[in-house]
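Supplied in structure tokens, the structure appears directly below.
Read from first to last, the chains carry the letters A, B and C; within each, the first residue is number 1.
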């Protein structure tokens, strides 16, 4: 299976460890991983701002660079959601949306793998990122009522963490409430964004988490920024880094 | 000018209404409980109380006791709020019950004349087990103010007319049900939680709502 | 660039942390109740889909439904008026009342009449309107707009309400018990009901097949307003039309559960024609709805049944509060409907005031894709500050050229310590209001891969 590593611009610049861990995890499960050093941005920040022309330009470039792979895997659910949910609306036809996955989603639903030999003896809470839950369906959204053929059972992140040796999963109140990042929202409505984020950090703290992880690196960076300012809260660690903990360096 | 507005609105609406969407048809809800127990549980959650199901012979006695109990327990009412009024159908269902001094609502009563009613006894058409609601129509209560002005409401409901859910309840209504000006679903007493989310009954309408369920035929039940 | 209006207004309420937490808890409680009620309905998601399809069918055939409704309503003895906009509504209702020498009016909750500013218009004609929904009465006495469409006074404490009632209704000073306050309001408002010469209501739905109006309340105030005064004026947006009686149960089963977690509201009243001895005037209002109808991206927002579930789940609404939005409707649906009204920059900026979490769309009983609507509005009317358009084009240019992108990345990391501190003009000053930058990230992933490649 030819897998392309999709490193979002902000992960490349601000969370390179997560990208490195993603690469190592994919290699460890036997994927032939291709990394294109000329990739830059999928266009999400511009879509978020309503700058559609710029979005289209970057989306076309991204789609061209990722053509021809069996799977494109990324540690950022929001970027994956942009490609899956919005590229078709932007007029970009083709297989890319159906072949782009968040890391955990790829491991669990495409490769059927949950056990990666990882060891992480900490109390860990999942930040159920909005794009991951509500756009990609990586876990069942708390808003949904009973439905005949619902995808029941734990989400992909939880399934993976359940197999990590020594890891104790704890669940905060309002488990899938937004962390307040929202992209441009965090810059344009900073105090509202920070207030929403503070509530999330508090809930994570109160459930006894030492570490918080999730499907979206941008949310984790938001929580890290809040934690540094407010002085409390669990330490954000990328899902890839937890999963890579069993791989020899 | 309303006339020209009408044409302008219809013209504008036509531009946005291409008549392409199909109607989804009826919704088929799974059949859940339609018994008295389900109904009573739901009604209790809505702040009301269900009684019975009574045999026809016991109905009038129960209603009489209930009406008196509600009336007597109401210490907030002004002295002149003492009337107990029953709709024509309710009165027929109750027959003549000794010890219950009640008026039968007379047609053509001014709506305001019911302002001093302490207990209203009306006849319901259909009940809903999933919510505890009861439908009262203009066929029973032509003067609707009686329903909301009285301090306490007692609704008589045949056990056989309890439907599992609102879809089935609507389907069970008589064909001419909307021809009597109103069809009012009453689900427990009047309520509000507008002040610090504290639930208070009797916001504007009745402070209590009881549903007395009976089996079989009573009196000269026209249905 | 100046912060968007919602952020500016929110900054006035956010410092009162206790009040924000109280508001958040009170509103989220409604979300919890909704969840509990939905969990007891085995066909909940199927019901939502059915409701969505019903509403879309209705909108798609709206012209036919309006004509059928008018015909049946007229046959039942009602009068039917058409108002193209807010001014027309106010004119029609004002005219109806003046013709009859009406001065005392009771009104039950109608977001449409808020939207059209009916009360102030009638006041200018010397007609006093008393809002009878308890929450609406509270905000009316306080001279404020409602801050929530179902619980208009959710932002007020019992102490504030007690003081307000004391000042405006002469209730005992220091009375703060909700039950006693409600009883006092009941007694006061009962007099208004009995003396009213006209009752104005909205309508939750209008049934084309029968010419009937459906009015849903918990208090029964609409029923008093419809059954006592000789004149009943019902104002409704044209989007309220549904085809037949059979289509109603799906919507009713979703409405109360979505709003407050109740299986059914206390009073669900279907009225057809005037009450015996009374008259009924129905006013069908457009006010921009037909324009929305013709907009393929945004017409779904007309499906709204005004349940308030999106408000209750919205993380932004719960902290910023209803008054941080532009009137008449706050929260996600308010932000979706606002830009269509062309009411100005305050309304146009609302779609930006969202993290796009999508919770609103997931609770909406008629499955309006609210968060996608917000994003679409951003694309249609980007709210760009001075120079922002240029900055965005520049950023996109840099990102299309890997060499430029990598150079920008190196500058970013060199400037990291500087960017981490607050100073006027810092491009990331928005972030720094409330957060720190993360620790210096070290070399980018691309640099590390390049080094890894060259060392192999």
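Annotations for the structure displayed:
Here, a contact is a pair of C-beta atoms (placed from the backbone, for glycine too) under 8 Å apart; a residue touches a chain by one contact, two chains touch by 3 or more.
Quick caveat: nothing in here was measured; it's all calculated off a predicted structure.
Chain C has its Cα centroid nearest to the centroid of all protein Cα atoms in the structure. Comparing mean CA positions across the assembly, the chain most remote from subunit A is B. Taking each chain's centre as the mean of its C-alpha atoms, subunit B lies 30 Å from subunit C.
Centre-to-centre separation between subunit A and subunit B, using Cα means, comes to 52 Å.
In subunit C, the residues touching two or more other chains are 42-43, 46.
Within the complex, the subunit C residues that touch subunit B are 26, 29, 42-43, 46-47, 50, 53-54, 56-57, 59-64, 66-67, 81-84, 88, 92, 132-135, 138, 151-154, 157-158, 161, 178-179, 181-183, 186, 189-190, 193-194, 210, 212, 218-221, 223-224, 226-228, 238, 243, 245-246, 248-250, 252-253, 260, 262-277, 284, 286, 290-295, 299.
Interface of subunit C with subunit A (complex): residues 3-4, 6-7, 10-11, 14, 20, 24, 28, 35, 38-39, 41-46, 48, 313, 315-316, 319-320, 352-359, 361-363, 375, 377-383, 392-393, 395-396, 399-400, 402, 405, 409, 412-413, 428, 430-438, 441-446, 448-450. By the touch criterion stated above, subunit B contacts subunit C in their complex at residues 2-3, 5-6, 8-10, 12-24, 26-27, 29-30, 32, 42, 45-46, 76, 108, 110-112, 115, 128, 130-133, 142-145, 147-149, 165-167, 169-171, 178-179, 181-198, 200, 202-206. Interface residues of subunit A, counted against subunit C in their complex, comprise 7, 9, 11-16, 19-20, 35, 37-41, 45-52, 54, 57-58, 61, 130-131, 134-135, 141-148, 150, 174, 176-178, 180-199, 221-222, 224-226, 228-229.
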